[in-house]
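Order as written gives the chain letters A, B and C; numbering starts at 1 within each chain.
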């Protein structure tokens, strides 16, 4: 049972990554979009050549959230194109496994984007990203995972809805606020002049808990919500 | 419950009409004086708002997992009332804040969480409106996420807020404002219950009319 | 699965009746045609038979099993949709392999090789599907639908855009499946091809079943009689 779940999730993820590697469309566009967001916010906030403290963390997470929303929309748009989402739903496979596969594929894509975003933010705002690499990685992974977990479900739900492009952020952002708060505060704690490591650990813990609760809920609701 | 809606509405309308006099007669609160009296409307509205969230969440769960069609009507009614009572809360809150602390908005945990919850209700109603056919299930799924999130939102905003220097503190529930508080509370509760039942019934009837319409020219 | 029973199936979208009062049954070895003008409800009925849509009323019985969304029922069904359900960024082999893994077939590589051989595309197996003609894509899509040896085969307008050779090949494959004891239901506009292939015809107009018969000849005339 678990075996087939993992197998299906693995193959769906592999398929998504193969398709992405071939076209690289979503990766590049998402990456450039994220960089643009960072720049726009920098211009909006930086005054007299200096950024207010703490703003690096905020800008980073805003970029992740905007870019992530776009990426999710695109990956499901692809499934809609040849109606392959129907083929996936039709398969005798465990449907939550399909959700899991798509989630993992999206997560990997976002982590790749963040790998580029992080040095950029560090450069622009002199943020000490190498001070606590493990904590930072955990924070980013847990936060992105939570964001993508809810986003994958919502993007799948909205695939056949007409105003899906605007409805996705409308639905997603209020619900992922705890992720944003935890991500930004945790990252800010690590970027401070005197890094607050226990604070960062607290936020990581909260994120992991949030992720566990909401991924479980998503696995439960994927099937009832996807049947028409 | 349906037979009680008319008496409830009449009663609550009457009570709300006389409430200014009752509130006026209540003792002044020590630190904030007259302004604090907004509390008599703000607090019941806030409670109804949270109640709406609970009802929406529970009924979305029943609709999605137990396939009870009537639960969807209750969830939709609760979401709309959540928007209404939430708006009341979010308007009376800043009015109070403005007079008491000089600013319209404070990033206080309760107000911020309320705003977020209100936006979740807004998203629910938007999805129902523009999601096309089949949006009942989608919004039910979304409602589950929204309602389950409420404790998380409150907790994380709370911690987030305490990291910043406090300029004001929202008072905890005073225990000796007895009569006017329970009076307003009763009025709001009756109003809420009546409106919820009416709206849910309306939705149930709409579904039935549609089903009958579809059966109309069957052989 | 030896018998398919459709009882009083209806499907509504708000106030629009896509299907109403559809009742028929068929047995293994039947090739059932769903005929009718555009918008008659053929695709909707096929989607219901594929368990992709739940009927607003009525029931479908597959052999001894009710259509509860079960992986078991889905394992019996193979569908060739109008949009073919193929990933253009993957090769034919990769498409088939992905679905083989999704269906949990042991020995995926051998199954895929056999499928490519039946489709006559062994030499083109490692080319991207985006470079294939409609006929070739159709062949891959058909083999994908038949990978897990389904007992119920659903086809939505399978002859659209096919040339003579491809059409003949498809007919042969369907007849071969019929001999193997499968039940085939297809929606089609192509009366010339359907004539002589169908064992049963169901005529749909505005979501209703206006006629049905089991006389496999003179289809064009009977269609005209039933529909106009």
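Just so it is clear, a residue touches a chain if its C-beta (ideal position, glycine included) is under 8 Å from a C-beta of that chain, and two chains touch if they have at least 3 such contacts.
Only a predicted model underlies this, so the values are computations on that prediction, with no experimental measurement involved.
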Pair joined by more contacting C-beta pairs (A-C or B-C)
A-C
Chain with minimal offset from the mean of all protein Cα atoms:
A
Taking CA centroids for every chain, report which one is farthest away from subunit A.
C
Euclidean distance of C-alpha centroids - subunit A vs subunit B, Å
31
Give, as an integer number of Å, the spacing between the C-alpha centres of subunit C and subunit A.
38
Provide the C-alpha centroid distance between subunit B and subunit C, rounded to the nearest whole angstrom.
49
Among the residues of subunit A, pick out those that touch two or more other chains and give their numbers.
227-228
I need the residues of subunit C touching at least two other chains; which ones are they?
none
Among all residues of subunit B, which ones touch two or more of the remaining chains?
none
In the complex, subunit C residues that touch subunit A:
50-54, 69, 71-72, 74-75, 77, 79, 81-90, 94, 98-99, 101-104, 128, 144, 148
Using the touch rule from the top, collect the residues of subunit A that touch subunit B in their complex.
150, 153-154, 157-158, 160-163, 167, 170-171, 173-175, 177-178, 181-182, 185, 202, 206, 210, 213-214, 217, 221, 224-225, 227-228
Complex interface listing, subunit A residues touching subunit C:
4, 7-8, 11-12, 15, 18-19, 22-23, 82-84, 86-94, 223, 227-228
Per the touch rule, the subunit C residues reaching subunit B in their complex are 10, 12-15, 17, 20-21, 56
Give every residue of subunit B touching subunit A within the complex, in rising order.
64-65, 116-117, 119-120, 122-123, 126-127, 130-132, 134-135, 137-138, 140-142, 144-146, 148-149, 152-153, 155-157, 159-160, 163
